[in-house]
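Here subunit A shows up in two complexes: once beside subunit B, once beside subunit C.
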Partner chain A sequence: MWLFLVRRLVNYLVLIVVATTCAYLLAASALSPRVNYENQSPRPTEAAVDARLDELNLNDKTPLAERWVVWAGDVVTGDFGKTVTGASVNDEIEIRVLVSLRLIIAGVVIGASLGVAIGAYAAVKQYGLFDHLSTGAAFTVLAVPAVVVAITLQVAAIWVNDVAGEQMLVFNGEATPGLDAGFFGTLWDRMKHMFLPTMALALSQFAVFSRYQRNMMLDVLGSDFVRTARAKGLTRRAALLKHALRTALIPTVTYFTFTFGVMMAGTTFTEKVYNWKGMGSWLIDSIATNDVHAVAAVSCFMAVCVMAAAFLSDVLYAWLDPRVRVS
Partner chain B sequence: MSMSAERTGAPDAPEAAGQEPAPARTPGRWSAVLRQMAGTRRVLFGVVVIVLMVVMAWVGPLLSPWDFGERDYSAFLQPPSADHWWGTDSTGRDVFVSTMVGLQKSVIIGLLVAVLSTLVAAVVGAFAGYFLGVTDRVLMWITDLMLVLPSFLILAILYPVLRDQGWLVFVGLLAAFLWMVTAKMVRGMTISLKEREYVLAARYMGVPAWTIIFRHIIPNMSSLLIVDATINVSSAIIVETSLSYFGFGVQPPDVSLGSLISDGASQAVTHPWTFVFSTGLLVLLVLAVNLIGDGLRDALDPQSERRS
Partner chain C sequence: MTETITRTGADEPGAAETGAPVLEIEDLHVTFPGRGKSPDVRAVRGVGYSVRRGEILGIVGESGSGKSVSSMAAMGLLPDSARITGSIRLHGEELLGLDDKAMSAKRGSRISMVFQDPLSGLTPVYTVGDQIVEAIRVHNPKMPKDKAAARAVELLELVGIPNAAHRFKSFPHEFSGGMRQRVMIAIAIANDPDVIICDEPTTALDVTIQAQILEVLKAAQRETGAAIVMITHDLGVVAGLVDRMLVMYAGRPVEVGAVDDVYYRTRMPYTMGLLGSVPRLDTDERAPLVPIRGNPPSLSDLPPGCPFAPRCPIATAECDQGEPELLEIGGQGHTAACIRAPEIDREGWTAADVYPVPEAAPPPEAQVRREDRETVLQVDGLVKHHPLMKGAVFKRRVGTVYAVDGVGFDIAEGETLGLVGESGCGKSTTLMEILSLERPQGGTVDLLGRRSGTMNARERFAVRRDVQVVFQDPMSSLDPRMLVFDVVAEPLRTHGLPKDRLRARVHELLDLVGLDPAHAGRYPQEFSGGQRQRIGIARALALEPRLLVLDEPVSALDVSIQAGVINLLDELKARLGLSYLFVAHDLSVVRHIADRVAVMYLGRIVEIGAVDRIFRDPAHPYTQALLSAIPIPDPEKERNRSHIVLQGDLPSPADPPSGCRFRPRCPKFAGLSEAERTPCIEVSPDLEATGGDDHTAACHYAQGRSVV
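Up next, the complex of A and B:
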């Protein structure tokens, strides 16, 4: 068992290294940081640009292999290099991960708990009005791309603000810049900024989780142990909550872990539309600014998150479901 | 897939008796599947919506007095009227015509990407599962690597480089990032299928491996592949929309629903007709495809009948 886990971890590690290298080579050959200097006025001399790019290890006149060796040497010591503006990529990651984390924790937790509750209840009342309504809602939301969910909510917010005649819903950035309103004022301001992006995330998560949980619950509802629980005198409610739902939650919990990891860098669209400076929106921003090291760092981060999520959800599954361990 | 599905077709079905007068034939699997699908309301809804949309997308521009790309310099951002059915956008283009052309492109991209990626998945998965050993290791490692690589990032970096080659390259790029999960499923099914009697028989008769794969293994997974291709249509449309929204997808003068949505989003409140029609059609299209996919899965998988 341990050998198996270790082998898997090593395999994951190799995949992460290869993926990051691929991303670096691709970004370094396709993106050209030199372009950034061409629009500056006064336009710097070519020698000045070269010197600056050499300093950042981004000069496209140096052979790609050479740049890669320097970059990889730094990465091994835990330093992802500098951004095109000369700031440390590591510092930027720290700030952005926290921003993403704030958004994802709230969005995924709210969406998943709503989805589980609604999906489980719909399964119990299969073919009832509630089931039909929730299935219809989930199907509709699943048909809407995340970008469109985010934009539609934003458009709705503009409309609400117009009707109300004041700024009730905020849809830009993480906080009001330069706001000085004490602890609670700042907290309230942040909450207001969080509301819409969190809603956008939670809505999509609700749709996925409610479908998933409904199917899992239906599988469990007809099983023998639920009937036994009822036969030995448990109320319907207790049998459903303590026996059926608990068992049906196992795959959902592992799925939740997986989603969470994938979301860490997968909220690109929500972050970008609501102008949050998180990991996801960095992806697009770094491509737009020809920021090679940032692209590589984001790719590495994504790969690590996906792998960690896959690994954790496997381990969690084995831990929660004894049947997996036996077979 | 269980073989029992072949015998689930109702023997007393009226059309089967009417069409085949001479010998009383048991309806085959596909007619049973078709009948079950036609009897499901959501599948019917999905098919009707898609047929209507396809007809509208290709016939609509012919009926409209405006051509795609034509600008009406007397009407910028005008609301829907008799002259411009769905209004005009900020450059005087007729919203109805550009939405229809965008719909065409989204439908074509969705279909092509789905067929292409399912094809790749079937071949990669079947070869890995049939040969196992080194082939399997190598193919699955590539599959894992593709799963780990941030697809959005690679598409976004590569596409500007390949932009001049036209939107067909875009189709290839999208397909390159959609096949992995299906390939893994196909591999699992191939491993169990290759122990079946008919595969063993073919092998002992000396049929070459690739013939077995294309003639026996892949056709026997057709139901999984069809369901998957349907689901891939909607994922392809969704990815295309997201990429086009950020300007990494279909480029002007071509339009797709995604690029239209991104054009309209900024003026959605003041000039809703530039945003509402394209968004509504996109949601309706994906919803219809998903409903058909869901119905197909139920019809093809005997175990999932009670699920929905």
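Up next, the complex of A and C:
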């Protein structure tokens, strides 16, 4: 067992190394940090720029392979290098991962639970009014791009604020800068900031999960074991909850785990629209600012998240489904 | 034994010892409203019966006859959309119209059910113990968990699960089909119900397991004293088990009575046809079966008169006037729904008088001795092993499945070899290995004198022309998007038949298999199961093959339809001089169609020889058990037979026992002394002649014994 675990982890490690290296090589050859200095006024001398770039290991005059060796040597020790402005990439990751987590945990959990509940109920009431309404809602959200959803929510928030006569919902950043309102005041302030981006995320998750859960549920609704449960004397409701839903949840839970991993660095639009400094927006920002090391770091982080999520969802599947567990 | 007490005049009010009926159904109608434009489906139209404590009532009918729907109505398990009228009374209390909560209190405690497919009947994510405990506690919420668990173990022991306390914690997938059905029975009897409805409880099981489950059901009935409603399509199962029976057709009972009356004094032509179309294990002469022509009517578009009239050989104009009532005939609660029943009764007609017996096919190749005929297929020491993988997160090989482990047989020209065995014995794998034309892992396969694995592409193409296959499931083996014409024409096109001759050939083939060539422009789904299987046969015959491989060709069909297809195969063989490799689990069918039989067990052939010899005088204990387990559709014979009930399940082909593979379940081995057992444990027996013919059996102590 342990041997297989090790083999599998080594496999993942290789994949992560390959992905990150590719990302670094691509970023280092396509992005040009030199441009950042050339646009400054007064324009620094070439020698000064070279010196600065050498210091950051970003000088395009150094051969790519040489830069890579230096960078990779640092990465192995756990140092992802410096950003174009000279700050530590590691510090930035630490801050941004927490931001992303705060955003995603609430959004995905709320969206997925809502989606599961609505999808399962819609399946039970197949072709009923509830089913039609939830299907319509889910497909509407799926059809509209994330940006449009986010901006529509903003427009709605402005209207709510107008009606309320005060700033109920905030859609810029994750906290009011320099606010000093004690623990509960700060918490309330953060909640106000969180509401809209969380909603935006939850909506799209609800759409996906409700469709998925509805299909899973439909698969088991007519199954023999639900009929057996009712033949034992369970009411329809009890049989559906205890036998049908429990079985239909297995694929959803593993899908949820996977989604979570992918989302860690994948909520770019939401972060950009609501001006949250998370991992997703960092990728866009760092490409725009020719920040080679940040791009490589985000790519590495994405790879780790996807692999971890894939592994976790496999483990979870084996844990939840005894048919897989004992072979 | 309860059965013997209750057999007397169960329908008479005077039968005081049996008491008042437990379950009474009167004039039950179930209609499923059609969605959109499709018409309503009238699944049940006026079913009525009653059962008393300790009585077993059989309900027999083909698929779509409404036998399951009527019992699902009694359980209150039909979908809400179904319109149900009539009356269903349990101990005199009306069940129709009860809400889900009130009905749930009855379900599983007073009235319970055993379903057909045990593989999907248990929730995969809970242990079997928990599922039995749930059944107990849902009706006794105050019972502490440990007491309920103790009761569950007791129930598992009662239904014959070995090592019950340990197996209590197993998940359903760790149990075989037969074991799961035992668990289903344990759940059904958990609360001492008054009525147990069994809906085809053994249909999905192998015949030796079926014998075990029927024993368990009898034990369960002795234990609970419950009334049993046994729903089945198998006239053999009913014959030995039930007291009274009800034959259903197109949603209505057409003949009701004591089991002996229905079998020996049949008064309804449909019942006669049903009995006549079953291939019999216990008859030597090979007369063609008596098929019922046509197909059952659509339940959404019934004919105005008797629904059986369009298929009935003795229908008159009067039959189309109105649907006949169930009327008493011959006394003793024997009723039949046929206006000519009095006439049948008076004249004493039997199936042979009513149904035109098809002409017997001339015995093919009978003149030439077997040894002088060409060998079409020769298999020697064929081996196929699969790797056994384990784990979801980490896949790894943990062993080998010995699916086929040294199988050899040959088929002469114009001969039918029946390859029989229970599921998992490797018969389908053998077949696929032969059809693949690849070099086998071990042994040799010679098709028409050409060795598999040594042919080049063109030779393989040529051999494929001579070896064609008919698959089991006629529903899924035909491409639903192809016209019947294209289905049959495809092999012809592939092998380059000129276009101008295509149409004539396809029509000729459809005509050959008894289909109307005018229907060539239709899609497969417009045909019934039997007709689709005929299309499959036409496709296989298109290239005039010499060997036809038939993989369970009739097991998905109803008996009345099955008889027609078997007769067709018989006739085609005689007319076209075909050889058949006929794989089946139904030995009655094999007895009817095969010339020679090979019995497989765990990847080996245990007995092979001429069909009459094997059925009359089987030498291997497994063959004996297999034959003995098959119920015969003859109540008198069936009651007087003693079945050999094998213990346990088929061992895993990944871990076959040492020496003789049948040893752990062998009744003969059990009776041997320590010294006599040694060869069985140490040496795997080879096929050896048992004296006479070319009959061989792989048993150290082979000895003929008549069991049918």
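Here, the second predicted complex is superposed on the first by the 308 of 327 C-alpha atoms of A that agree within 3 Å, B and C clash if a C-alpha of one lies under 4 Å from a C-alpha of the other, contacts with A are read in each partner's own complex, and residues count from 1 in each chain.
In this section, a residue touches a chain if its C-beta (ideal position, glycine included) is under 8 Å from a C-beta of that chain, and two chains touch if they have at least 3 such contacts.
Everything numeric in this text was worked out from a predicted model, so none of it was measured.
In the overlay built on the shared chain, the residue A:Arg230 is in contact with subunit C alone; subunit B does not reach it. When the shared chain is aligned, subunit C comes close enough to touch A:Leu320, but subunit B does not. Once the two complexes are overlaid on the shared chain, A:His243 sits against subunit C while remaining clear of subunit B.
Applying the stated contact rule after C-alpha superposition, one finds that A:Leu98 touches neither subunit B nor subunit C.
In the superposition on chain A, A:Ala48 makes contact with neither subunit B nor subunit C. Listed in rising order, the residues of subunit C touching subunit A in the complex are 75, 77, 100-101, 104-109, 112-113, 115, 117, 120-125, 134-135, 138-139, 171, 173-174, 184, 187-188, 190-191, 389-394, 396.
Interface residues of subunit B, counted against subunit A in their complex, comprise 141, 144-145, 147-150, 152-154, 156-158, 160-161, 234, 238, 241-242, 245-246, 261, 265, 268-269, 275, 279, 282-284, 286-287, 290-291, 294, 306-308. Only residues 1, 4-5, 8, 223-225, 227-238, 243, 246-247, 250, 311, 314-315, 317-318, 320-327 of subunit A touch subunit C when the two sit together in their complex. On the side of subunit A, the complex with subunit B involves touching residues 11, 15-16, 18-19, 22-23, 26-27, 30-31, 135, 139-140, 142-148, 151-152, 154-155, 158-159, 162, 215, 218, 265, 268-269, 272, 283-284, 287, 295, 298-299, 302-303, 306-307.
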